[in-house]
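Next come two complexes, and both contain chain A; in the first it sits with chain B, in the second with chain C.
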Partner chain A sequence: MLPKATPREELLINLRAAYARMWVRLRGSNREVTGLVAEIGLPILTIGAYVILYRAIGLPPTAGAAVIIGGAMIAFWTNVLWNMSSQWFWERESGNLEMYLVAPVSRMSVLLGMAMGGSVNTSIRALGIVLLGIFVFQVPFQLADPLSIGLVFVLTLVALYTMGMLFASIFMLYGREAWNTANLLQEPVYFLSGAYFPRIYAPVVPFALQVAGSLIPMTIGLDAIRRLAIYGESIATIWPHILALIACTLILFPLARRALNYMESLGKKEGRLTLRWQ
Partner chain B sequence: MKRDLSIETKSLRRLFKGIPGKGDVVALDQVDLEVYDDEIFGLLGPNGAGKTTLIKILCTLLLPTEGQALIKGLDVVKRASQIRRIINLVSGGETPGYGILSVKENLWFFSQLYGLPRDFAKDRISKLVDQLELQDYLNTRMSKLSTGYKQRLNLARGFVNDPAVLFLDEPTLGLDVLSARHLRTLVKDWIRTGGKTVLLTTHYMAEADQMCDRVGIINRGKILACDIPQRLKTKVTGGATWKIEITPNLSELESLKSIPGVVGLSTTDNIETGVTTLKLVLEEESVMSDLLSKIRENGSKVLNMGKSEPTLEDVYISLVGTGME
Partner chain C sequence: MAVADFVKSAGESFRVGWKIESNWTDPVLFATYQVIRPLASLLIVAFIVIIGASVGAAANSAFYTQYLAWLIVGNAFYAFVLQIMLGMAILVHVDRTRYEVLKNIYISPGTLHPYVIGRGLVSVVNGAVSVVLTLLFSVAIFNGLLHMNIPLNLLGVNLLMLIPVVILGIISLLAIGYMLCAVNIVSNRMEFILGDSVSGIFFLLGGVIFPVALLPWYVQPISNVLPITYLLNAVRESFGLLPTGSYMSDLAYLGLTTLVTLIVGITVFRLAEQRAKKLGLFDRKSEY
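The block that comes next holds the complex of A and B.
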């Protein structure tokens, strides 16, 4: 009889799988330089339009800085949607999903690898967007407490990519609908998160919109980063944001795990797990 | 000497939801199968016979509706994660991997899904690359490989964890003659290393005949026969196998099949010459006179005819009723 893998062996194999999947994402995304240039250069056009608009209507330069951070954070949402949520669809179409399912690794470790690779990749792009934005539009930033900014940024990414893992799990059996759903979630979240507003939690933004936006970790993280990096607030004023981001992760991660297990067994039962051309 | 069972299915049944109002589709129906260690077992059957469904259940990709499937004594439903450590799957016509990564990078990636330590993985990949003659393409992106080389890479991926049980689902599909021969030799050499099992599905009778220790013939979800190729062939020699060349093509093939005593019939058309070769399995030779009359009635001329040694294809024809084509 074949011996069962020990917990240590299980952990090791899953860590190796997560690392390998992260490596694939990093290597794959950065091999084509045109993609990197486009992903940094193109968002600047939309960001620029808002910066110029806010200047034209006489808002303070901090509004432009807020939009640059918002534009950089949008890169993460786009990555979560197209490279996490709908990823199983692409993996299935290319025949890779079958290989993941036949391998002795948890699908969560594969998603974790995708998330780690995606967040590192997108951070490079986001940094490029911020630097290019500062250089082109000369907007003010206050980096008095970079550690707090770093902490909030990391917590935001963790919560955001955990949400991506949940979406990926839910969309596991999706066919073309995965593409359409990602499309459906793109623009509304750009709007709800207040990425292009100077502030989301402001009297001018309807309360219902603020509540809806708060369901997305990016909104909370973005607001906290803006407060720290632009409006000169300290970590003492953003602790509710930190708690909310931690809570998001703690709720979303087990949900993602359950959803993945459920969808995988449903797929095996219905025979839809490796069905192509849906 | 009693050999160890590697794969076993007991009354395995799998249903799929059919078109509304038409009822469920039976993909596998009470399949009982035993495959042993050190054996290459071939599964032959037409499209939709249930071959891939069976492989998917054994690979833990699909749940059975009823019955049980075991790999090395472990239930595929209850012990899936344990089974995944010792199996691998190679499907012909599939090219898993990432096009933007090189051959070496893809193989390294897949080795990590089995937790192979870095140096160990490196050694194994190096050996596989040599065996599959991929040395010159080690740093070539997968997207730039030809179909044959992509399939070699796919096969190398299948061997990367040195599985105890390897599932090959039509592995030579789309390969040229030389590549297919190379692949067959490799699999046969690998099985000789001991303690391995291969379950192979194929459309190519000659491939099954050449490679497999035993063959199962499956149609409409049922295993119709299961034995070593030689014994299967002798089972049909009780009757007679004939090869008849006719021209022009028969328009009414069904009329030949309906002649009492015709067990099975397959045809191959040569478009260039307009000659059709009929392969027939007959219960007894006396059926031949009725058959020739029917061919003449249809306006076709017999160019050549003769008895032939039974092949695996004849076995298949006699059991399924038609050829693979």
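The block that comes next holds the complex of A and C.
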């Protein structure tokens, strides 16, 4: 029988697992230049269409700036959907999931590594989208308080990727549903989060829509970032956003952990953890 | 006989494709899935226009309601582009790498081309369902629920004008989808980029949510060679949202661009097929 690891050893091995998974993600996503270029250039096509639409209906240039930030945040949502939520599905299809399951580490550390790698990768792409968007469409930004923007941005990412961990756990036993569900969570979330609107929390947007959108951390973070970076507001006006983002993380993280344990146990009972081509 | 075999193979491929795309869930959830994405896309642009109207950015409310009708029709028919491009761009990857059946399809006599066409037709059916449901939901939401009086009369559509352009448009999109399959046969790095790239270019340049005339002058020539531009123009004319005077020229341009894409699509596919056979790419694995 193997000796039981001390808490320190357990922590270290889990941190090493998270680092290893992050390294794979960083290396895998950045070695292909066409992928990097496409992930920065593709959102600009959609953003461009909306910026031109805003100009067509005579809205001010700040609306275009809001769309550019929205487009950049969508990159994170896409990453959460396809590279976090669906990840166990991909791993099972390629035969890697069983290796994760027999490794002497917590599955949460693997998810943490994915989240760290994904957020770093997508931040590079999001920065590219914002810079390219500003350059191409010449829209105004007010970066009076970059520290507050950075704080809200980090809190948004933490909440968003924690949601990704929860989804990854729920999607664990999915077959083709994983693909279709991830597809389904694209445009509806772009709509609910107000990614392409100047503002989601505006009188013209129905209250029910605002409430539904607020269940997604991206909606809250996006609104706060826009207030700070475009409309010139200060951190004093966005403290409810900060509290909401912290609350999201505190609620979603234990949920993700419980969901992961439950789905893994269910998968073992039903023998579905190694099932391919569903 | 050859035509009958082709049709039979395409029919079987359609049957397989339909099962793969639809039997992962129950019919009600599948229908919901088919309508939610295009409807959400439509709601995004519709709300942008509604927000524009709320701040009184442009002239009057008539402008917004007319623009909204123009936009609903363009966005609804864009579902064909999305379904066909995304469906056909991923087809080779899924069958080669995930299910590992592309090599079996290829070595069966004369099945690769009808197989691709049959699978493309599944995307066409999915697109058609999305178009119809999006139009119905749009009228129900904007006229029924929000009482916006959008000038969109679904019963007044001129079907004699609509049907030929939709058929031509679908043929051109299938030909472009054929090209995407060809690229994926010889490459294993583009499958997740191609569909989004082409549909994104069409969304920006094809006059989906704003008139092509609003694009910078230097990109308008690109719009003018895209079949989608003429498809959407002619569709809007058949809905009575544009003057019908230019319908025949739009139809002619659509026919011409369809013919060109068809020739290029078949040529590119055959070249890719030859190259793949020479380099042994039909059973290449790219996921580990």
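We adopt the following convention: the second predicted complex is superposed on the first by the 277 of 278 C-alpha atoms of A that agree within 3 Å, B and C clash if a C-alpha of one lies under 4 Å from a C-alpha of the other, contacts with A are read in each partner's own complex, and residues count from 1 in each chain.
In this text, contacts are C-beta pairs under 8 Å (C-beta built on N, C-alpha and C of every residue); 3 or more make two chains touch, one makes a residue touch a chain.
Since the structure is predicted, the reported quantities are computational estimates derived from the model, not experimental observations.
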{"item": "First (chain B), second (chain C), both or neither touched by A:E177", "value": "second"}
{"item": "Touched partner set for A:L12, first chain B, second chain C, both or neither", "value": "first"}
{"item": "Which of chain B and chain C A:R258 touches, first, second, both or neither", "value": "neither"}
{"item": "Which superposed partner A:E32 touches (first chain B, second chain C, both, neither)", "value": "both"}
{"item": "Which superposed partner A:S94 touches (first chain B, second chain C, both, neither)", "value": "both"}
{"item": "Which of chain B and chain C A:L45 touches, first, second, both or neither", "value": "second"}
{"item": "Partner chain(s) touched by A:L59 [first = chain B, second = chain C, both, neither]", "value": "second"}
{"item": "Interface residues of chain A shared between complexes with chain B and chain C", "value": "32, 94"}
{"item": "Touching residues (chain side chain A, partner chain B) in the complex", "value": "1-2, 4-5, 9, 12-13, 16-17, 19-21, 23-24, 27-28, 31-32, 94-96, 98-105, 265, 268-271, 273-274"}
{"item": "Chain A-facing residues of chain B, complex", "value": "16-17, 56, 59-63, 72-74, 81-82, 84-89, 91, 94-98, 100-101, 105, 108-110, 112-116, 157"}
{"item": "Residues of chain A defined as touching chain C within the complex", "value": "32, 34-35, 38, 42, 45-46, 48-50, 52-59, 93-94, 175-177, 180, 183-184, 186-188, 190-191, 196-198, 202-205, 277"}
{"item": "Residue ranges of chain C touching chain A (in the complex, touch as defined)", "value": "20, 24-25, 33, 36-38, 40-41, 43-45, 47-55, 57-58, 64, 67, 98-99, 189-190, 193, 196-197, 200-201, 203-204, 208-211, 214-215, 287-288"}
